[in-house]
Structure formats: structure tokens, C-alpha cells
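Paired with subunit B in one complex and with subunit C in the other, subunit A is shared by the two complexes that follow.
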Partner chain A sequence: MTRADGITAALSHLGRFDELAGANTPIARVDPRAKLVTTAAFLVTVASFGRLEVSALLPLGAYPLVLLALGDVPLGPIVWRMALVSPFAVLVGAFEPFLDRQPLGSLGPIVVTAGWASFASILLRFALSVSAALLLVATTGLDAAAAALAWFKVPKVLVVQLLFLYRYLFVLSEEVARSLRAHALRSPNHPSPRIRVAGSMLGQVLLRTLERAQRIHVAMACRGFAGQVRLRRPLRARLSDIAFVACWCTYFALCRVSNLPRLLGTAVFGVAG
Partner chain B sequence: MSHHLVRLEDVHFGYPDGTPALRGVSFELHHGESVGLVGANGAGKSTLLLHLAGVLFPSSGRVRVGDWPVTPETLGHVRQTLGLVFQDPDDQLFMPTVADDVAFGPLNLGLPAEEVSARVGGALERVGAAGLSSRPPYRLSGGEKRAAAIASVLAMAPDVLVMDEPSAGLDPAARRRLIGLLRSFEHTKIVATHDLDLVLDVCARTVVLREGRVAADGPTAGIFGDSELLEACHLEKPLRLQGCPRCGG
Partner chain C sequence: MHMSDALVSPSIAASMWVATAGASALSARALRRRPDDRRVPLMGVLGAFVFAAQLVNFAIPGTGSSGHLCGGVLLAILLGPSAALLVMASVLAVQALLFADGGLLALGCNIFNLGVLASFVAYPFVFAPIAGARPSRARLAVATVLSSVVALQLGSLAIVVETLLSRRASISLGTFLLLMQPIHLAIGVIEGLITTFLVLFIRNARPELAPGSREATVSGPWARRVGTGVLMATVVVAGALSWFASSAPDGLEWSLARASVGVPAEPEVPRGILARIGEATGLSPGEGPMNRGRPADAAGRAWPQVDPSVSFSGLAGAALTLALGGLLAAGLRGVRRGTRPASRP
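Let's turn to the complex of A and B:
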């Protein structure tokens, strides 16, 4: 696969999120504001745990798992995107095992140090937060999520920036894919552009992208766009949406104040985990 | 309402780099008329269309659409009266699904959800694209994209339909379907194109632009029969009006 094909495939995957959000699933039907509030509460809960906490975080995995299952979201695209950004989390936590060697306990013959626990906690928190954010977009759509943000009085300029950023991501990627393809066809022995060519190519791509972005903006203005996000399905909160927020927030609070795996271990085996 | 729907009076326009694009264009368009706007590359066709939609404003002269002069203050009314279909449908289709895209304009008009839904359904039905409503625009074929782009403008129920190169990039069958579609519209139409055969099929009147000026304005049959005029404007007779290459007849 050439780089241009790779970009086209990545675009297609990105567009898949919009298709998923349009599906008629129990999670897609939940009001975008309810999902936004619940996900925000989830992220705050995840971030509020101590740096060495691992087992108490595990029950929070229920939220992304439920979104995944009831939202009928395929696992592949989510895992792929998490893998793409995972180097950041790995880099952040990679030095922990070397910096903090204080023993915390043991798993059989293996001594677990505070550094390793911290590393595991960082990775777990990363997985929970990123998967929840991705699933929010996959089950809501960026337009609806932006409308929900606007409803919560997030400044209009930020919401519109977010929407344009997402839309122009497609525009920019298409231009890059076209340029790479044109280059590869006329440079069969060096499919990747050399640095001098890449510089001029990037400049051309930027100029073409700006022109195209202007045309899209004109097309939007011609159809009455004046900076306000409007949805085909207007935001309408039902009792079930309020119950969705209430139930999940209660669950998150429960996870935060008590270590559910430890409680379960004590109840079943009579020993603390 | 005045009896003419679109009116340009001595419109001049030059781009910021100094290139003059329009040098005193004047013409009127009446209710229900279908006008072909033809001319060589750089003759000023697209610039003229952008003036009609209020994307560009003349450096001198006046443009009027319906009851409104085209000014920054009247853009809302102008764009409700006149719908512009862009040359590249990819510029026009930017929402996650075709239905969302067609709904974009009516939603911006502030219409209630039921009306938006009815307009989306009606517009897609009108262009024969009802089956595409839940498809993402970037996965459509060229002809389907064109149909969706036209539907996205029809949904705003404009009085005047303005199209920039509507047959560009279409295969013969899709082009033929487009011609059938355009002929079926009762709207007042302005079609800017190099496809003179399409103009012959769709437009009773033709305006020829040459270097930013109106070189000719009249019945399509008469203009396309004037070989000297066409040649001077870097155009050719439509294929249908040219002699048979075999028998010369």
C-alpha cells in the first residue's frame, strides 16, 4: 500500500465514526448532552484516583465496555486509535519503574514496586480515558457533541473551531494523498518525497488546502451558515437520558469511594485483595 | 415583486492582484427563464456567479436578486432566493451523511424539524437520490454527488437555481440524467458551462461572456448558429449542430 492509499484508508476509517454515530443503537439514541456530562464525570473520576491505584480503577472499565457493546461499535477502530496515541502514555510512565523501587507487595514470587504500580496505573487511566472519549465521538458524532458543548455555553468560537478542525482534517488529508500519489507516479524509484521536494510539496498542499477550505466556507455561507451548529435531530432530553447520567454518576461515585474488587475479594474469599 | 428576478447593471470587478474579471456586465433574468452562461476559460463566468450569490461584490455597478440589492446586509434574503450549486460537489458536501447535508440549509433557515425532514425527503426524491440519504457523501459516485449537491440547494426552496459547470466530471449516462433533471425543474435557472450541448437542451436563452463583457445575449439557437461569434469567443458549435464528420451533411 502506498502512503497515499494509507491516507485514503485512514480517512475512510475516520469517516466510519460518523457512520457509527448515525446508527440506531441504544447508546446513539441517548441525548448527546447526557453522554457528554457522563463522560466528563467519568474522566474526572478516573483522574481523581491516587497514582498507585490499579485495582480500584478496574470497575470503571464497565463504562467504555457498555458504550462499546450497546453502541454496536467495532473494537478494531477504537483499539487502533488508542494504539496510535499510546506512545505518549508509555513515555510518560516508562521511567516510573526505575525511579520508584519501593516494594508494595508481591504477586507470587514477583515483587511489585511502587514504580511498576504507578506505570500500570498510568496505562490503565490512559486506556480508560481515551477509550471513553473515542466512544463518545463514535456513538454521538462530532456535530452532535459540538451542539451539546454549545448548549453548555462553551464559547461559540471554540465549538466552531472544533467542527472546522474536524472537517478540514479530511480536506487536508485528501490534498496530501493527492500530492503523494502524483509524486509517486512520476518518481517510481523514490516513492517517498525527498526533503527538498517535500518542502515545496507541503507549501503547495497548504495553499491548495486554504483555497479549498475557503470554497467550503463559501458553500456553507451560501446555505445560511452563520456560526451556529444546528442538528437535524434537535437535542431533546428524556427521562431515560437523566437516568443514564444519574446511574452512571452514582456508579462512578461508588467506584471512587470504595475499592469494589477488594470488597468482592473479601466477600467471596474472605481475604482482602 | 419586480418582473425581473435577477438584474446586473454595469458590474465591474477586479481581483486583488489587479486582474480585471468583469468589465461592465449587464443583463436581466425573468421569472421561469433558463439561461446558459458560456464563454472561454477566464471569461468571467464563475466570478459572475459569485456576485449573484453575494460571495463577491462589484467594485462598481449593481446586482439585484429578487426584491433585494445584493449587499452584505441582505445576504440572508439573497441566499434564500438564489441557490448556488458549486462546480465541485466535494466543496458543497461536508456533513456526515447526505441527509445531514441536505438538511444543513433548511436548519440554518431556522425551520422546524418536521419541515426540515419534509424538505430533505422532497429534495432527495426530486433528484432521484432518496436511497442515498444515510450514505456518507465521500463514498458516492460523481453523478450521485452531483445529485446530492443539487438536492442540498433545492431543499432551501430557492426561486433561482445557479449552477457552475454542472456536467463536469460526469459520465455520459449521468450527464444525460442531469439534463433530464434540469429540464424538469420549473425554477429560473442560470447554468454556467462549457457543455454547449447541455445548454442547447436546457436553456432557451444564452449569454456569452468574453473577457469580462457580454459579447452576445439572445436565443440559444441563434447564438449557437453564429460561427463567427463562437470562434471569436473561443467556443465551438455544439456537437449536434456540427456537420456529420463522415458525409459532411
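Let's turn to the complex of A and C:
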């Protein structure tokens, strides 16, 4: 598979995300503002745990799991994307077991060091925060998320920019994929272009991009655009949306102040023992 | 390279979000003051271009590795610093949301590292003074390469500082710097070269968009003021927050948790149960560092204490939690399937 084919495949995956957000599921029906606030609270909670925390982070997995299950999101694309992302965090985390060899606890005959706990903690944080962000988009869609951002007084120029970028992302990536395919067909011995070739290749794409911007501007002007983009998407908060935020935030707070798995462990095994 | 949610602490994430939001608000205001209806679509497609251009991995001569464009300096040269920052912010936001690059909490850090530093430090302090009002080809090339190198060096330095201040990883400053700075020097030179190619290409093809035509000269001093202001504000906010964080042994979060549950912070109930299990099984109970991170050790106890009973109940509870999570997801899926209309596949 050439690089160009890879890009085309990645784009079709990306397109599927938007289709998911269009589905009529209980999670998709939740107000985008409620999902945005809850996801932010979730991320702050995950990040607020200490360096060596592992078990107390686990109950927080309920949030992405519920979004996944009630949002009818297939597990495949989420896992695929999590595995694909260049994991800077995983790289830094992989040093941990070698740097911090303080014994922390024992697992039968094996002594668990602080480094391994820290590594596990970093991996868990990575999985939790990344899946929550991906699921937010998969159950909301970028258009609705942008409308929520505008409601939260994010500068309009930035919201419009986000929508424009998303709209033309597919168009320009296709254009880059076409250029790469043309290059691959003409120079089969060099799978990736050399820097000078890449320079003029990207230059051509940039030129076409600028011309496209001009055409878009003319088209917008024809339709009455005078410098102001009007965003209209009615947002309507229901009682269930407020309950959604309140319930999840309470749950996150509960997870933060008490180690639920340990309480569960002591409760179950305490009774048994 | 992107800062990650997994490595950032809330206090650092918050300070970087404040700095980024401030710089973005100033930029948005600056754009509102000079309205230009051609700019809206231009910013939009240039953002998409930077995104698409990052898909092109080109071979780096002599190394066998490959690199791609980051685009911060290119955007600043083509659009001016304020529009460039907003475009970069949108690119990074879409990367965080759709590609899981970085993360939403660390997005403030990433916009700062790759956007603010390029637009409001590298561009006004390095590019603008070297390039001047009407740069020659050579001057333009030198200015572009140098500002790209400075932008990437500052960006990777910022990642190091943010990671260390967050204290989520125990890697030391020296090792981290050695790992990050040299590789980003190489990446910066490559970034500079490819940006130079693009800028010169555009100068030949569309001279009206090239530097020296409009914003470069207009916005230099303004961007320098914003850059200085934002940097100073960031240092103050981050400094204050990390000072507050370091005054508590396990960071700001620890003290916040303590404040929210009230003193004592150590949970009394599980300890009681654990103590009973400990007595029953002959294992001595203790304070589990697994739960609290590095404890304050006010009583002078030796750290770490290996406590099998705590480890056991923690692990068993974790296994139970995972099993419950799986059941929850499977159950909810089942309920959804049951209620789903028959027409859907």
C-alpha cells in the first residue's frame, strides 16, 4: 500500500466519525455543551491523580465505556486510532521502570517498583483521556461541538476557522494524496519524496490552495458574505442534560476522593476472609 | 511533537490554557480591528493545507529517517502572527479531537508550544528583524530557517519544562533535554528548509502574498509586545501554581483533595477494614503508597513501605472493577440492541 492509499483509507475512516455523530442514540441526543463540560471535568479528574496511581483511575473508565456503549460507537475505529497515534506519552513512560526502582508493593513473589506503577499509570491516563476525546467527537460531531464552543464565548473567528478547516480538510488531503500518488508512479524507487521534491510538490498544492481560497471567497461574496459568518444551530438544554452533567461530575468527584476498587476489594474479600 | 494529556498535571494544563486563551483573545481582537473578508476563507484553507501537508513525509538526506512540516512559521509568514496563531490552534484542536494527537487537556500546552512560540516569539523576534521590509532571497531563506529552528527549540524546551513541572514522569532534566533538543534541532533545520522552499515558491508565483508585502512590516512590533506579555504572564502564572504545588508533598492535586474531603485526608474506613484483614491474615496493615503517591511522611516513617494486604485488596478490587466495567458495557450494548429499530442494520 502506498502512502497515498494510506491517506485515502485514513480519510474514509475520518468520514465515518461524522456518520456516527449523525446517528440517533441517547448519547448523541445529549446537548453538546453538556458533553463538552462533562468531558472537561473527566479529563481534569484523570490528570489530577498522583504519579503512581493505578487502581483508583480504573472506575473512571466507566465514562468512556458508557459513551461507547450507549453511543453505538464501534470499538474498532477508536482502538485503531489510539494505537496509531504517535504515543509521546508511552515513550516517556517507558523510561519510568528504569528510572524509579523503589519497591512499592508485592504481587506474590514479584515486587512491583514505583517505576512500573508510574508506567502503568501513564498508559492508563493515556487510554482514558484519548478515548474520551475521540468519543466526544464520535458522539457529537464537530459542527455541534463548534456550536457549543461559540456558546461558551470562544472567539467567533476561531470557531469559524475550526469549521472551515474541517470542511476543507478532506478536500486538501485528497489533493495531497493525488500528488503523492503521482510522485509514486513516476519514481517507484523513492517511496517518500526527497526534500526538494517535497518542497515544490507542497508548493504546487499550496498554490492550488490559495486559488481555492479566492474562489471560495468569490462564492461567499456572491451569497451575500460581508465579513461576518452567521452560526445558527439552536441549542436547547433539557433537564436530562443537566442531570447528565451533575451525575457524571458527582461520580468523578467520588472516584477522586475515594479509591473505589480498593473499597470494593476490601469489602468483598474482607467478608470472604 | 505533542504534549500529552497523560503527562500533564491540572495546574500546568490550566496555566497553559490561560496563556493560550489570552494570546488567542488578543489575536482575535487584532483581526476584528482590521477586517478583511478575504481572510476568512484564506485562513480556513491554509489550516487545511497545513493539516494535509503534514501527511507528506519526506526523506531527510543522509539519515534514512523522514520528517514532515509543522507549519507554525509558514503560517506566520503568510498570514501574520495573529491569524497564524488562530489557524494553528484550529489545526491542533482537530488533531486532538480526531486523531488523538496530544489531548484536550494538553491542547493549551500544544497551542502554546507550536502556535504562540512560533507566532509571537520566533516570528517577531527572529524572522521580522532579519527579513526586514523587503528581503532578498538569501535574507528570506536565512530568516526562515533561523526562525524555524528557534521555534522548534523553544517548543521542545517547553515540552520538557511542562513535563517536569507536571511531575507525572521521573525522567531527569538533563536526560530529557539531551533526548529532545538535538533531534528538534535537526527537525527545525528541515522545517526551515521546507518552509523556505514554500515561501520562495509563493514569492515567485503570488508575490502579493509573500513577506514584505503587508503584515510582516505592520505587525512586527505589535507581535513582539504580545509575545513578551504572554511569556511573562505564563511564567508568573505557572510559577505561582507550581510554587503552590511544590509546597505540598504530592502536588497541588494532593492539597486540593485534602481540602475537599477535609482533614484527615487518609481514608479512615478502608484503613479500619484493612487493619482487621491484616490482623486476621497475620499481615501488618499500613499506609499504602499505591493509593496516595509519595506520602508526606510527617511521622518520619520510612518510604516506601511494602504492604501486601493493601496491594492485594487494591489488585483484587481493580480486577473486580474491570470485570464490572466489561459487564456494564456489554449490558448497555445489549439494552441498546434490544431497543434499536428493526430497520437499522
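Here are a few things to note about the model shown:
One rule holds for everything that comes next: the second predicted complex is superposed on the first by the 235 of 273 C-alpha atoms of A that agree within 3 Å, B and C clash if a C-alpha of one lies under 4 Å from a C-alpha of the other, contacts with A are read in each partner's own complex, and residues count from 1 in each chain.
To be clear about the criterion, a residue touches a chain if its C-beta (ideal position, glycine included) is under 8 Å from a C-beta of that chain, and two chains touch if they have at least 3 such contacts.
Everything numeric in this text was worked out from a predicted model, so none of it was measured.
Once the two complexes are laid over each other on the shared chain, residue contacts for A:A40 go to subunit C alone; subunit B is not touched. By the touch criterion defined above, A:G141 reaches subunit B but does not reach subunit C.
In the superposition on chain A, A:R167 makes contact with both subunit B and subunit C.
Of the two partner chains, subunit C is the only one touched by A:L260; subunit B is not. By the document's definition of touching, of the two partners only subunit C reaches A:D100; subunit B does not. In the overlay built on the shared chain, the residue A:M220 is in contact with subunit B and with subunit C.
With both complexes superposed, C is the one of subunit B and subunit C in contact with more subunit A residues. After overlaying the two complexes on the shared chain, residue contacts for A:V176 are found with subunit C alone; subunit B is out of touch. Looking at the shared chain after the overlay, A:S129 reaches subunit C, while subunit B stays out of its contact range. By the document's definition of touching, both partners, subunit B and subunit C, reach A:R212. Of the residues of subunit A, those at positions 167, 212, 216, 220-221, 225-226 touch subunit B in one of the two structures and subunit C in the other.
Residues of subunit B that touch subunit A in their complex: 50, 53, 55, 75-76, 79-80, 83-84, 86, 88, 91-92, 94-97, 99-100, 103-105, 107-109, 113, 116-117, 120, 134, 136, 138-139, 152-153, 156.
On subunit C, the positions that touch subunit A within their shared complex are 1-10, 13, 24-25, 28, 31-32, 35-38, 40-49, 51-53, 55-61, 66, 69, 86-87, 89-91, 93-94, 96-101, 103-105, 163, 167-172, 175, 190, 193-194, 197-198, 201-202, 205-206, 209, 250-251, 253-254, 256-257, 260-261, 267, 269-270, 273-274, 276-277, 280-281, 288-294, 303-304, 306-308, 310-318, 320-322, 325, 328-333, 336, 340. Across the interface of their complex, subunit B is touched by residues 11, 15, 18-19, 21-22, 141, 143, 167, 170, 212, 215-216, 218-226, 228, 230-234 of subunit A.
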